[in-house]
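There are structures below to look over.
Below are two complexes that have chain A in common, paired first with chain B and then with chain C.
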Partner chain A sequence: MHRVLGDRRAIAILLGPALLVYSLIMLVPIVWSLGYSFTKGNTIDGFTGNGVANFSRLFDDPAVHDALWFTLKYAAIVTVGQVVAGYLLALLYVFFLKKSSALIRTLAFFPVVLPTVAVGLLFQKFFQVAPQTGPVNSLLNAVGIESIDFFGSAGSAFWVLIVMDIWRSMGFYAVLLFAGLVDIPDEVLESARLDGASGLRLIRHIVLPLSLPVLMSSLIFSINGTLKVFDSVVALTNGGPGNGTTPLTLYMFQTSFTYSDYGYGSTIALLLTVVCLLVSLVVYRVSQRDLTEG
Partner chain B sequence: MSLRMPRVRRARLSLFTAGTASLALLTTACGGGGAGSSAAPKEFSYLSVTENTTVKTALTTMSKGACKSANDALPLKVETVPQASLDQKLQLLAGQDALPVQFAAGNAPALTQQLAKSGKVADLEQELKSLGVLDQLEPAAVSTIKALYGGKVEVLPYEYNIEGIFYNKKLFQENGIAVPGTWDELVAGAAKLDAKDIQPFSASGQQGWPLTRLVSTYLYRSLGPDALQKVADGKAKLTDPEYVKAAEEVAALGEKGYFGKGVGSIDYDTAMNQFLNGKAAMFYMGSWALANVSDAKQNKVGAENVGFMPFPAVAGGKGSIDQYPSNVGLGITLGAKSFDEKTGAWASCIAKNYGSTALKDHGSISGFKVNTEVKDANEVTTQVRDTISTSKQNVLWFEALFSTKATTVSQTNAAGLVAGSMKPEQFMQTVQDALAAQ
Partner chain C sequence: MAIETPAKTSAGRWSRGLSGNAGPSRRPRTPRRLWVKIVVTLLLVVEIYPLIWMFLTSLKSNDDYLNNSTWSLPTTWQWGNYSEAWTTGHLGLYVQNSLLAVLPALALMLLLGTAAGFALQIMVWKGRSLTLLVFLAGMMVPPQMILLPLFTVYFQAGLSGTLWPLILTYTGTGLPLTVFMMATYYRTVPRELFEAATIDGAGILRAFWTISVPLVRNALLTVGLVQFFFIWNDLLIALTFTNNQDLRTIQVGLLNFTGDFGATQYGPLFAAICINVFGTLLIYLFLNQKVMKGLTAGAVKG
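Moving on to the complex of A and B:
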């Protein structure tokens, strides 16, 4: 085995096909898209060079600022929400429900397997005010509060989106973190209990540090997913009202394919790539430091 | 060693083959070669939107009847995409030079003109003239098309619509409201209805355009038929006070709750249902809604109780009440490269027969002459047809001369304008900015 892997030609043969396919469908389009950032035009009119005009436009475009702010705000809140809710569920499975957690685990995981569009429609109906009053508004009416048009303003639509996405994915993070928690050796927990640690102190000093690696991977996983949010926004609000809930991804899609400005769309895509890269780096650095301390 | 070498060479060879194969695959995928790209098409391929069933069904009917010989030479083949993805599809097909023989040419006239400029769209005026069927197009429809497409006939008038306000005669009568002739009378009538807990207007805020139509028609009434042409030419701005006034008037209707609750969540069908079930008294819509009005299954108030009135005048305005907003529906056009003798046979058969087929089978009014007499389904259809044939000057709609981006911005923010989350001047500013961005 060592002889085969030590041979450069063997490595080339083993990696070659995968690398070729990867290059053709991943790297080439990425570089290609980078090239488009310096052009103006679309497939009908053809492309012409545009220098760095797209980049200066990126800095001046208020819609990009709004979309970037929305993306960051959304990613921060949903990531924290998903991971915290998932962690709490995982703690519930391990320490309270113990062996009988299978049913609750299945129920909490159920929204993960539902198609996003279906979940979007479900929440639309749930929070709707017209043509029929939805369950949430009916509940508000029952306690004497007037119906709220949740999708009528960007602020309330944002929170419906947050609630929906946390509900949709917390089951997934619960299972992920559950796997991390069951890995904690029973002896460690046992000895901590004998030393008098219980409840919150046990979690704070024993469980949390020991599950930190899996918690960190969940965070990186979650933040990268939420920065690239697209489907749930399209399904629930389609970016509206106005552009009140438009993330960078949706703005990029609209710019390229609806307004047929491929060059500027590519520039927005580049911005998104840079944001993802920076955030991943920061999370990675923070997690490395914490791990060595813990 | 002697054993290893050939194996490596073989592997290298297979690697090379795999690489070449995937490259070949890529080239074929990127290249043209679609049905419509060749000079002589093999079928009368037609790309339409899923939402529009009338044209598709009428053409299929004609392919078995009046246009059988054209269909035998060049069989009709319909393909549909959801309207929201039409523009993307067209851009991709145009980029690959694979546009079908006949296609819906985009959601905004701006895209059609872009296609025409790059030589993808046939010069229909010239082609129809040489086929001797240009006179089969109603002059009013031709003038609307020319106003929309920079003086050229770039699409066929598969639909010809005028827009106005459909109203519930019974509700008007019960509440002592006469058909309003001015905007102030309209607002007063709406107030009367609202006081009786009847929703005055139904409108789809999700679509947005039924709301921006109110703004533009107000503008045509107050500033005259060239109000939006001036904006397109840069001679006026939507942020000018006389333009903002129109948005203010429409926003005021929303503020008083005349569009009902949650207007932003109301989709097209729901708005239509609200009116046809008697839950709302007025409904601004185009004459294509006659198909729904005539359908007893949908129309619970009865066709005899539905009236059609022009958008009222604005006191002291330069526009006149008989200038109806008009359009030709979704622009459908023929490709330039695939236009040959067989396509011509189809085009001339459509020009001669589509008008009566669509009216007879679907109650749909087109811009083609009706060559076989068709009896109207109801009084309101007759009224609209008479109005169309006697109308002298028509106007367009709010986004008709806008870029695709400004169109989207305007329609997605319209609900905010009437729901009060966006101030009228802010709305006009946002749309003006989108216009300036192009």
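Moving on to the complex of A and C:
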């Protein structure tokens, strides 16, 4: 009876346009970009073959090392921060606020929908020291600490970036993890309580293992996003001071469009893609092993 | 959500009783409940105060902003900052550009994605799971990987200087998630429905349009909302393809906002940030349950 649902002409008409657009905008350019990695030049001036020079440059370029290290460091800290903050919030929702958490959930979620550029500019002004002392520094002054020039050094700018991205996304992960926690059957919690488990012990021995699957999928989702960080950095620090907060994504952008070197830009993009795939693969493998052991 | 509502009302009454504010319960205030209250208050202050500060600052004059305490209220409420941002700051133009790029991309993406989702989930043919996997792979690849070839193509096709590069790129990069989510929603629609409809002689294409699309109307709104936020908030693609000042989207425009006045005008700058933020906030205010559901559903794609 699947005759009508197997109609090849209909399938072509339904799927064709999407597949065509997807191929032209995503698949073909990916392969094309691979080709660019072996060239030098840009769209306006034309391209010339460059062999594997871009790749050897990639290995020796200190800016790439810095950007790669920054990307990994940022991704690791923000991923852990987002998921841990989200998990704590989710625990708060489920075990302390109980059914009345809907309003708090909705309020804590909203920074996720705000434009990153706006949030970046807001945080820039919120943490600034000049021309006007922002709220954070004036709070520090109030308790007797001198103003800190947060964007004057890469170290402190990095932490403002971390704080901002956790602020933006913890409500999102809270809702994601909340869904996992709600799924834990009441009987399981009840019988654990009868056995004398309570508070932290209940969470550590019962709740945490049971919410491991949703924690792992949050981690995978989070790392996949944080490795590609671009908007927050551009809006908050634009990679500075110097290139102190420049991730691979921004270095690729600058190489391509500020220095018009599409060949090398493509090579950096390729590195970024490989890093994304590798990290996802590792996290996935580890999570699978943990789940089967648990 | 329909299932949730009755449970919520009864549970709401129950927990109100527990918290002891409005309910008749006379449960004593335990330290633990106080602790929860402090945490929740702190959370709300941290989440909401920056926005209040931003709004108040957007109503200050430059002198007021630079010379008075950052905590103070505006000495005079400069509502003119908003019109200044909108006209002198060209924010009106940027919002218009954003709408002109986002809405066509959204419509195209939903149309193509729904048809593809239908073909991949309802239609029966060899290789459909592989095709879905090919679409899914697109979500892993960083957009940096496709920007440079696209730039070349758009340039050579003479499309630079128009909004077409944005519309096309948004459509293409949004398709993986759209196709995946629509295919997931179609899983809840029984195939028999279409077999029965097509026995009467209606073609499957017509059945897709007249029967399946109304059935997934809700899903279309959810996916549309999610994608709207993604595209509206996008910076990378907009920054790459808007080399012309008149084409800037709201995000690119805001990023370069300070440059358009001689010296930085803080009032209008904050007004511009506010317009950007409160636009998305307004949508969230009315559709928050749908947005939350959609965005988290889009995340669980592993």
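The rule is short, and it goes like this: the second predicted complex is superposed on the first by the 273 of 294 C-alpha atoms of A that agree within 3 Å, B and C clash if a C-alpha of one lies under 4 Å from a C-alpha of the other, contacts with A are read in each partner's own complex, and residues count from 1 in each chain.
The criterion applied here is as follows: contacts are C-beta pairs under 8 Å (C-beta built on N, C-alpha and C of every residue); 3 or more make two chains touch, one makes a residue touch a chain.
Just so it is clear, the model here is predicted, and its values are computed rather than measured.
By the touch criterion defined above, A:Ala102 lies against chain C but remains apart from chain B after alignment on the C-alpha atoms of chain A. Shared-chain residue A:Phe257: touches chain B and chain C both. After overlaying the two complexes on the shared chain, residue contacts for A:Ser147 are found with chain B alone; chain C is out of touch. Looking at the shared chain after the overlay, A:Val21 reaches both chain B and chain C. In the overlay built on the shared chain, the residue A:Pro131 is in contact with chain B and with chain C. Comparing chain B with chain C, the partner in contact with more residues of chain A is C. In the superposition on chain A, contact of A:Ala53 is made with neither chain B nor chain C.
In the superposed model, A:Ala76 lies in contact with neither chain B nor chain C.
After overlaying the two complexes on the shared chain, residue contacts for A:Ile184 are found with neither chain B nor chain C.
Applying the stated contact rule after C-alpha superposition, one finds that A:Ala197 touches neither chain B nor chain C.
Chain A residues 13, 17, 21, 24, 43-44, 131, 257 lie at the interface with chain B in one structure and with chain C in the other.
By the touch rule above, chain C contacts chain A in their complex via residues 8, 11-12, 14-16, 18-19, 36, 39-40, 43-44, 46-48, 50-51, 53-54, 57, 65-66, 69-71, 108, 112-113, 115-116, 118-120, 122-125, 131, 134-135, 138, 140-153, 155-156, 168-169, 171-173, 175-176, 179, 191, 194-195, 198, 203-205, 208, 229, 232-236, 239-240, 250-251, 254-255, 266, 269-270, 273, 276-277, 280-281, 283-284, 288-289, 291-292, 295-296, 299-302.
Those residues of chain A that touch chain B in the shared complex are 9, 13, 16-17, 20-21, 24, 42-46, 124, 128-131, 147, 149, 151-154, 239-243, 254, 257-261. Residues of chain B touching chain A in their complex: 8, 11-12, 15, 18-19, 22, 26, 87-88, 91-92, 94-96, 111, 114-115, 117-118, 120, 260-266, 270, 273-274, 403-405, 408-409, 412-413, 415-416, 419, 421-422, 430. In the complex of the two chains, the chain A residues touching chain C come out as 1-2, 4-8, 10-11, 13-15, 17-19, 21-22, 24-30, 32-33, 36, 43-44, 89, 92, 96-100, 102, 104-119, 121-123, 125-126, 131-135, 138, 167, 171-172, 175-176, 179, 217-218, 220-221, 224, 227-228, 230-231, 234-235, 249, 252-253, 256-257, 262, 265-266, 268-270, 272-273, 276-277, 280, 284.
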